[in-house]
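Order of writing sets the labels: A, B, C and D. Residues in every chain begin at 1.
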Amino acid sequence: MKRIAVFTSGGDAPGMNACIRAVVRSAHYFGLEVYGILKGYDGMIHGNLIEMDDRSVSNIIQRGGTILKSARSEEFRTMEGRKKAYENIKKFGIDGLVGIGGNGTFTGAEVFYNEFQIPCVGAPGTIDNDLYGTDFTIGYDTAVNTALSAIDRIRDTADAHERIFFIEVMGRDTGYIAVRSAIAGGAEMSVMPESKNSIKEVIQKLKHGTSQSKSSHIIIVAEGHEVGRAQSIADKVKKELPELDAKVTTLGHVQRGGAPTAADRVLASRLGLGAVEGLIKGKTNVMAGVINRTLCYTPFKDTITKKKPINKELIRIVEILNGRKYHNIEREIL
Amino acid sequence: MKRIAVFTSGGDAPGMNACIRAVVRSAHYFGLEVYGILKGYDGMIHGNLIEMDDRSVSNIIQRGGTILKSARSEEFRTMEGRKKAYENIKKFGIDGLVGIGGNGTFTGAEVFYNEFQIPCVGAPGTIDNDLYGTDFTIGYDTAVNTALSAIDRIRDTADAHERIFFIEVMGRDTGYIAVRSAIAGGAEMSVMPESKNSIKEVIQKLKHGTSQSKSSHIIIVAEGHEVGRAQSIADKVKKELPELDAKVTTLGHVQRGGAPTAADRVLASRLGLGAVEGLIKGKTNVMAGVINRTLCYTPFKDTITKKKPINKELIRIVEILNGRKYHNIEREIL
Amino acid sequence: MKRIAVFTSGGDAPGMNACIRAVVRSAHYFGLEVYGILKGYDGMIHGNLIEMDDRSVSNIIQRGGTILKSARSEEFRTMEGRKKAYENIKKFGIDGLVGIGGNGTFTGAEVFYNEFQIPCVGAPGTIDNDLYGTDFTIGYDTAVNTALSAIDRIRDTADAHERIFFIEVMGRDTGYIAVRSAIAGGAEMSVMPESKNSIKEVIQKLKHGTSQSKSSHIIIVAEGHEVGRAQSIADKVKKELPELDAKVTTLGHVQRGGAPTAADRVLASRLGLGAVEGLIKGKTNVMAGVINRTLCYTPFKDTITKKKPINKELIRIVEILNGRKYHNIEREIL
Amino acid sequence: MKRIAVFTSGGDAPGMNACIRAVVRSAHYFGLEVYGILKGYDGMIHGNLIEMDDRSVSNIIQRGGTILKSARSEEFRTMEGRKKAYENIKKFGIDGLVGIGGNGTFTGAEVFYNEFQIPCVGAPGTIDNDLYGTDFTIGYDTAVNTALSAIDRIRDTADAHERIFFIEVMGRDTGYIAVRSAIAGGAEMSVMPESKNSIKEVIQKLKHGTSQSKSSHIIIVAEGHEVGRAQSIADKVKKELPELDAKVTTLGHVQRGGAPTAADRVLASRLGLGAVEGLIKGKTNVMAGVINRTLCYTPFKDTITKKKPINKELIRIVEILNGRKYHNIEREIL
């Protein structure tokens, strides 16, 4: 292996730049040359590659986003597109790839390897933390802290006015961001796929909680819950409990940006180094991850097909520590 | 004057606690007793007053929200309600009031004075900065910085993906928060009442800007612009320019909370002291403000009826420094 | 078990309040009464206990410091002092204790148990992360992020001026804070006990690094390194390399405060609940910890005597990713 | 005027990049070409200039430091050095200069103009706020907020332990940063040149304050006070009052970095535009400033020689609102 290339793909996440930096610096440390591919698979197809020296990644460890940019590529889903990509990879003399992203990224890399034998090691870069093969993904800790900062602010005004706030956080079809930001924000309830809350339960709890004493309630809603988005849940609650002063905040893309936290920068640095060392050792079609604080590699086919369950203990903590306004509610529902 | 009371009313704003603290400490410094009225005029009507010593305002200068809570009071709009309020004011031996809030607060205080001669000096507490009689209101600087922090985060992801972001900020029917956060956030456009932008202009600029080069655009939308909310503007843009990847973020109540900035704490401290000194000097129905860095008092009737125009220079700065993607567009429109 | 008491002792750490809250809420959830002991063992001796209801811990999850205050108690080191403490514990009817702190706290609790059989479960509250029996201590993640924020700021000015900055961070006799903030801050070097750096090595590296190209260097110094404090190292460097523009920043107690991060709040919540459940299950003289994301209990005698080694992989990351200015230096030293 | 150059000089300040960006974008808006001079006068002497297009200042508005770097130049103090600088200015065809910095910068520019007639308009970039001709300097608001954030953190731990903290802030020979951060941080005392505090007064106040009740005290010390630095004041206090637990924090260069606040970015944008418009209008040897929210130009000879007094009202606010522990102390001293 003499020359590798690194790219980011899919939704961007804070810490991707720290990971790019780690890939570039590690590669140089081990005597490899590094290219950066702009806009993920799209840049591979269009030959959008630039050589990266150590200076090109100076002063980016603290920046959100990705200096290599990210984009979706419909063309890479076609054989024709991938062939163009391969030709560019050959033209630039690339022997191995590091792909930072999620399952979409890894699926593409696996198909590409099967067709053209360009080895790829992945690094998990997504705020959603929904990847099997690593305890945490790059960007997750930052996203949780960003959501938490918003919850802290909203708590100020909720307390001043005795209001109900529904705050929608990201997480695709998981409640990872929801559950940690709910615990840390002291939110009374976390409505998310894994806890299978129904609208009826939300209404019942609020009815009980507000009847006990006037007070504020903060309810975190994971975007992917099948009962609906925060706005729709709030609409249903208001219909049943019209006397409540309910507000909705959808944090949206604010959660994707910002300077990464220390944990995300350390994780990104470790995985960037791990990905390069993986390539050097001849690995391919695996994702570098950290499980129980130990670096490990998991086949793409497992990261793509297996589901990482949420720690049930966390769901329990929300109920015991934050849900006190709703304690004893089960008896009432019966 | 021997005993005064302080209350917060209307929407809460960061720095209200710093102002309450200043009122309490100043009053004690000058030998006055102080009561806090809970939930604004509602607490006045229901006799919800507590005595405040210096300790009761310890360690609150840095907190968002208001320890005295805030609430709307329909009852205070009735003569009957105000009479109850007056009886409580008498019962507690209150000689003067400091009301922290906006024009709703001051209107109530003026009516109350005309009927019952309880003097009141106001302090401008609102994130919207829409009060005549002071250069800045308590909470405005914090709200702008909160909006800015969200814009900075979104810029990261916008740059990574070449997207158009519409970010809606608060400000009632003014563009104060919009214009400063647009300048500071480097937003390409600020859609707000004072600049009278039309949907046609927004679409024309985006069409021009994106045709010149692929890139990200951040557009700040003031909630009170008559062309519609951010979501509705984005919908119209997407209809005309369906190829653009447009996202909407509505910051909402996040802007009301958080630890106040240094500027807001200094302003709140100064105005709290100024309000107490105003009462001692026999002033009533005036709002303490700071104009050109000098403390001054403006009659409620002026703060309520007069409009504080936005500095046109600020609007020009957005166009010159941030709007470069749209330069020369006028010629095209013609 | 019917009534427990909670106290904080030793140096305060962000997240202690979140842990107190978790203890109180968990205890109530399981039907126990809870008292708070003010100022640790000192309050035990002086009968400084207050009953805590759910409201008494509202809105503290986000606050640094400890609402129960902390203090050293020389008196508790005497049999007489501990006897007074026991009498108060009896008087208040306390059946079990939760002590949040470090090894000093746990040593006291163990002696106290051996003499008076009051069971105690500990929770690790210290920014230094130097406790065996848990991967992370409460406050560590926040302290690292606080140090990191300072490093990020100093990097701005270092880059502008091409200077050498020595930044001293806390950590007692370990480099936990140093190594993570060095990786995350992109610091060129981390001088800390575990890496056994000598002054000679620091000077050699700087000589090499600055001879290659003019640039800034940030060097993190762990307070407990035997080669001396940051100021003394800087003095020695300046003596050897007088042409360098070297500045020193000692972060000090800034690292102990601030709103805890999400990770610290989640950990504190989990350990507070775990401590209460431990007491209920009859455990004593153990510290609740989280190892490999699983709650566990470690005897005080192990937390006190065993050393938790730093992950060598982290030290290697600093060298590979950040130390590029010093690569190849070994050859020069020889 | 066809081509101008911009440079930063002296200590860096947050917002300098926002100002550089404003100069570049404004110049282009008005049809001028712009060069950036690296490292201030040093770069002028060594011909270290680069052309700047709009893209070169993209995404820098939020960054601390200065992309043009800053340096001291002894050589520019010599006629020979300035002659070299002039030759480069001629060679690059520069018709006018914008210098961002403080009085050192402006003194250099004035001498240079008198010798070589290259017009220069200045922009006040310094965290110290000690420039006549503008209410606020670029970087001051950010530095105050950075100091405040540290004070807030230290307050947490001070409260937990009942300690005395001496926190040294920057400000050269003025108390601008000290007084605002003291008000906003609720610091009990602000020791700074303008309030002429003596060591005796500090000791007397602490003696009185701690005798009244056990509690924490935070004392802000301006670096330029003639009574000595924070460490030396603390040493003297400890000698007189050995029972106090006194700690010292010197914030140092942390205050110079960080993302600029909204106020600093708006000010920097306005002054960058104002400087370019000044040059176009034929102004020279003046500093653009904002007084009473209005753009104005002040001759360098005034900014250099005249002193901007601190607002006495601010000093009074610290005493009335924060100094309550020391009230009535005068009587005791007598």
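Here is the rule we use: contacts are C-beta pairs under 8 Å (C-beta built on N, C-alpha and C of every residue); 3 or more make two chains touch, one makes a residue touch a chain.
All of these numbers come straight from a predicted model, not from anything done at the bench.
Engineer: By CA centroid distance, what chain is farthest from subunit A?
Structural biologist: Result for the farthest chain: D.
Engineer: Centre to centre, by mean C-alpha position, how many angstrom separate subunit A and subunit D?
Structural biologist: Chain centres of subunit A and subunit D, defined by C-alpha means, are spaced 40 Å apart.
Engineer: Quick one: report the Å distance separating subunit A from subunit C, using the average Cα coordinate of each chain.
Structural biologist: It comes to 28 Å between the two C-alpha centres.
Engineer: Using the average of all C-alpha atoms in each chain as its centre, how far is it in Å between subunit C and subunit D?
Structural biologist: Computed value for the inter-centroid distance: 34 Å.
Engineer: Give me the residue numbers in subunit C that touch at least two other chains, ranges are fine.
Structural biologist: Answer for subunit C, listing residues that touch two or more other chains: 152, 155, 159.
Engineer: If each chain is a dot and touching chains are joined, what shape do you get: line, ring, star, complete or other?
Structural biologist: ring
Engineer: If we use the touch criterion from the header, which chain pairs count as touching?
Structural biologist: A-B, A-C, B-D, C-D
Engineer: Using the touch definition up top, name the residues of subunit D that touch subunit C in the complex.
Structural biologist: 8, 12, 14, 16, 63-66, 69-71, 146, 150, 152-162, 165, 247-258
Engineer: Which residues of subunit B touch subunit D in their complex?
Structural biologist: Of all residues in subunit B, those touching subunit D are 18, 21-22, 25-26, 28-29, 54, 59, 61-62, 135, 141, 144-145, 148, 152, 155, 159, 180-181, 183-186, 259, 261-263, 265-266, 269-270, 272-273, 292-293, 295, 311, 313-314, 317, 320-321, 324, 327.
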